[in-house]
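For reference, the structure is listed below as structure tokens.
We call the chains A, B, C and D, going by the order they appear; numbering starts again at 1 in every chain.
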Amino acid sequence: MNWQKLTNAQIAWRAAQDIEDGAYVNLGIGFPEMVAKYPPEGRDVIYHSENGILGFGEAPPEGEEDWDLINAGKKAVTLNPGASIFHHTDSFAMVRGGHLDVAILGAYQVAQNGDLANWRIGTSGIPAVGGAMDLVHGAGRVAVVTDHTTKDGKPKLVERCSFPLTGVGCVTRVYTSLAVVDIEDGHFVLREKIPDISMDNLQSLTGAPLHLDGAVLDLITPELT
Amino acid sequence: MDKTIDNLDEAVSGIPDGAVLMIGGFGGSGAPIELIHALIDRYRATGSPKDLTVVNNNAGTGKIGISAMIDAGMVRKIICSYPRTKDHESFASKYLSGELELELVPQGTLSERIRAAGAGIPAFFTPTSYGTDLAEGKQIQEFDGKPYVMERWLKADFAFVKAELGDPHGNLTYRLAARNFNPIMCMAADTAIAQVSRAVPLGGINPVDVITPGIFVSGIVEVPDPQQEEDLIRAGEVY
Amino acid sequence: MNWQKLTNAQIAWRAAQDIEDGAYVNLGIGFPEMVAKYPPEGRDVIYHSENGILGFGEAPPEGEEDWDLINAGKKAVTLNPGASIFHHTDSFAMVRGGHLDVAILGAYQVAQNGDLANWRIGTSGIPAVGGAMDLVHGAGRVAVVTDHTTKDGKPKLVERCSFPLTGVGCVTRVYTSLAVVDIEDGHFVLREKIPDISMDNLQSLTGAPLHLDGAVLDLITPELT
Amino acid sequence: MDKTIDNLDEAVSGIPDGAVLMIGGFGGSGAPIELIHALIDRYRATGSPKDLTVVNNNAGTGKIGISAMIDAGMVRKIICSYPRTKDHESFASKYLSGELELELVPQGTLSERIRAAGAGIPAFFTPTSYGTDLAEGKQIQEFDGKPYVMERWLKADFAFVKAELGDPHGNLTYRLAARNFNPIMCMAADTAIAQVSRAVPLGGINPVDVITPGIFVSGIVEVPDPQQEEDLIRAGEVY
């Protein structure tokens, strides 16, 4: 490979650039939470947590946690001015009712028709779904941040998900370690790729055809690890 | 992010002809009189917005507020639970002459339909109205041996509400029982505009005291010392 | 007539005697509201108002009304210690969800199967339903307070309602100006009657058979007008 | 009316074998640890209640709280959205061996089903889980051209919640995000028992600040300085 894929931090940075000023945003637990570290200068973003918080801020210093104030990932958070607290059903009313502008989630697989699989691999072991199946409905747009392939090199952008689905036709944009891909009319449409990878190589790491619709921009991010 | 709107004229400027407009309040408590009257002013000046569908618990009382909207000729349809208030002449005359359409909804079903719209629930089942004229034409389904009526969500393009405190993010609190339909109407409308008796800076409302989180609110306009509908009605005011 | 029917106040008094200590009660607008005037000594009753109040108290003195604090009948009220305020949907969750112990409503007609008609007479004029159709569902018991007959002497307790229904099979007890009547298995069961009226006279003023199930008690109330 | 219960033993004394028990909290926030542990004490002393169905967002973490209930052998079934927390050995071992039944519900559907039970809504439609394994066998219906899944209410015999203030009528407030599932579980259970960090007299909570009106609560028991689940887990406590 004569290219260097983006780090998770860089993927998160790129996803953060698309969040509009004043947006209400839910970030999935784990990797997607990193998006909150890179809000573009001057943009006000309000983060939603499933357990009933709007407007939470950074983690408190270690030792100063208040465990009655945690996010959906059960990490201690703080409140920004203008925050509000509500119960779980009101919280999911915000989600399901279409009040969030953006949800950014992780993925095992994303299909070219927008299907998302991110809650379990196969049918053995202990299943756990959390809020993922709710979050794919209702947000103005549902984006995914993910490595472009699995650890053993298999495509995560696929023709059709083989893992159990989280939602049908819900994802509209995928930020990967190699590219930014939109989902339109049942196709992957390549918008950006890292400069060093060839189209052929990128296609070979992608499980369904990458369509073009206008220029493919260079995907360039700051150095972030 | 600052959702503050400078004045009432601007607050009501976006409502187009034919809009579905939810108006909060129950009786005089929580009724956004200044927003309503600003909308009437706009209609008188410009002829717009007209053909409105108004959602409220009642259909106007006296000669102010929703009654004045009806008298002005802006309203095509009312969705409410109880149009027969003590002084409902404005509604009655246009309804009985066929100029004004009425959709009558039981009060609990009305509030649940509004909440369902805000919560992304397109339909739900309720025991209310089963076996009555108001269930006619609706889907019936049995659960655990008991029959229920299916009701649809009720969405709006705009909502006018009256709140006590409001901050730049649109977080709201309400005075006493002025809460009533206001919080759920904020949830159900694409654009909810709140008149607030006092605009406070961010942080001016304790996060646990917020009743309507700002995500449900598009704009706030400060109206200090707002009028109380009940006082206007008792004084025989005509707008 | 050699009997004197009960006044509305006396009917309300009788209904109040059946309200248990600690009960959550909704009283319909108008006549049923009088029930709140006669709580039996030592019983704590919490009144619910559809517009989002639990625990409201008496009307304030004239001139001291706060019009942001009204009941479902749009009358100014006060709050008792322990009161709470909530929005309309939470308020009807209490109603529909079966959390109220008693709802006491007015009636145009009550049928022997428990059907209630109390929202409109016929199909002309301006209809208005308010919370009546919700209140007949969910309360532990739904009782009616009413004159035994209409002003022109027609029975209000009937075989089958001729007016549009508010609810089906929902009423379990009727307090009238002449009697206390339970509804059981599709029948009126006479529990109490004013002493001066004969069974025959009472039956002749009732639109469906009055069944007996044990003793019929004397319906005796204080002098109240 | 005084819903105050003298002590934890008495608070948990009414729960029979086979009961459906909702337990509030999300992670450590709002988790009624003292009520749970009192119930475990009762089970250890008497062998009852057993065969419980527990409703919570998770299925226990560490060796305290719900995990300790599972280890004690009191639990037959868990209804939750996310049993795979960081340390879920107690659940995992009994689930994988088939001793423990699991009903997995998306978190928003779980909270809406609980709220529906409290609100007398036997069923509702949601977009959540459409087209997934979790919608299998459920009624599907289209509204405005979009498919939705019908979900049923979820009722409980009992609920345990943790609140901050509680008064003799059962009115409750919650600390910060400790609110989460607690208010809706009070609504959905026949009998909701709240442990409150501070019992206040009637009038001690401003009526507009009440989060759970007392009508949804059957009993309160004061537990001053309650333990925080997260602290116990971090300290490696075993109950």
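By definition in this document, a residue touches a chain if its C-beta (ideal position, glycine included) is under 8 Å from a C-beta of that chain, and two chains touch if they have at least 3 such contacts.
Predicted, not measured: the structure shown is a model, and the values here were computed from it.
Asks: On the document's contact criterion, could you list the chains that touch chain A and likewise touch chain B?
Replies: Looking at chain B and chain A together, the chains touching each of them are D.
Asks: Count the C-beta pairs in contact for A-D and for C-D, then report the pair with the higher count.
Replies: Here the pair linked by more C-beta pairs in contact is A-D.
Asks: So the centre of each chain is just the mean of its C-alpha atoms; given that, what is the distance between chain A and chain D in Å?
Replies: The separation of the two C-alpha centroids amounts to 30 Å.
Asks: Between chain C and chain D, what is the separation of their C-alpha centroids in Å?
Replies: For chain C versus chain D, the centre distance works out to 36 Å.
Asks: Please compute the C-alpha centroid of chain A, do the same for chain C, then give the distance between them in whole Å.
Replies: So the centroids are 56 Å from each other.
Asks: So which bits of chain C are touching at least two other chains?
Replies: Touching at least two other chains: 53, 85-86, 89, 92, 95-96, 137-138.
Asks: Which residues belonging to chain D are in contact with no fewer than two other chains?
Replies: In chain D, residues 112, 115, 119-121, 126-127, 176, 179, 207-208 touch at least two other chains, as defined above.
Asks: Would you please name all pairs of chains that touch?
Replies: Pairs satisfying the touch definition: A-B, A-D, B-C, B-D, C-D.
Asks: Mind pulling up the chain D residues that touch chain A in the complex?
Replies: Residues 26-30, 81-85, 88, 91-92, 95-96, 102, 104-109, 111-112, 114-115, 126-134, 175-184, 211, 228-231 of chain D touch chain A in their complex.
Asks: Please give the residue numbers of chain A that touch chain D in the complex, ascending.
Replies: 49-53, 65-70, 74, 85-89, 91-92, 95-96, 115, 126-134, 137-138, 164-168
Asks: State the interface residues of chain A toward chain B in the complex, per the touch definition above.
Replies: Residues of chain A touching chain B: 21-22, 24, 44, 46, 48, 53-55, 79, 81-86, 89-90, 92-100, 137-138.
Asks: Which part of chain B faces chain A closely enough to touch in the complex?
Replies: It is residues 1, 115, 117-121, 167-169, 171, 187, 201-203, 205, 207-208, 210, 213-216 of chain B that touch chain A.
Asks: Across the complex, what residues on chain D touch chain B?
Replies: For this pair, the touching residues of chain D are 112, 116, 119-127, 141, 143-144, 146, 148, 152, 173-174, 176, 179, 207-209.
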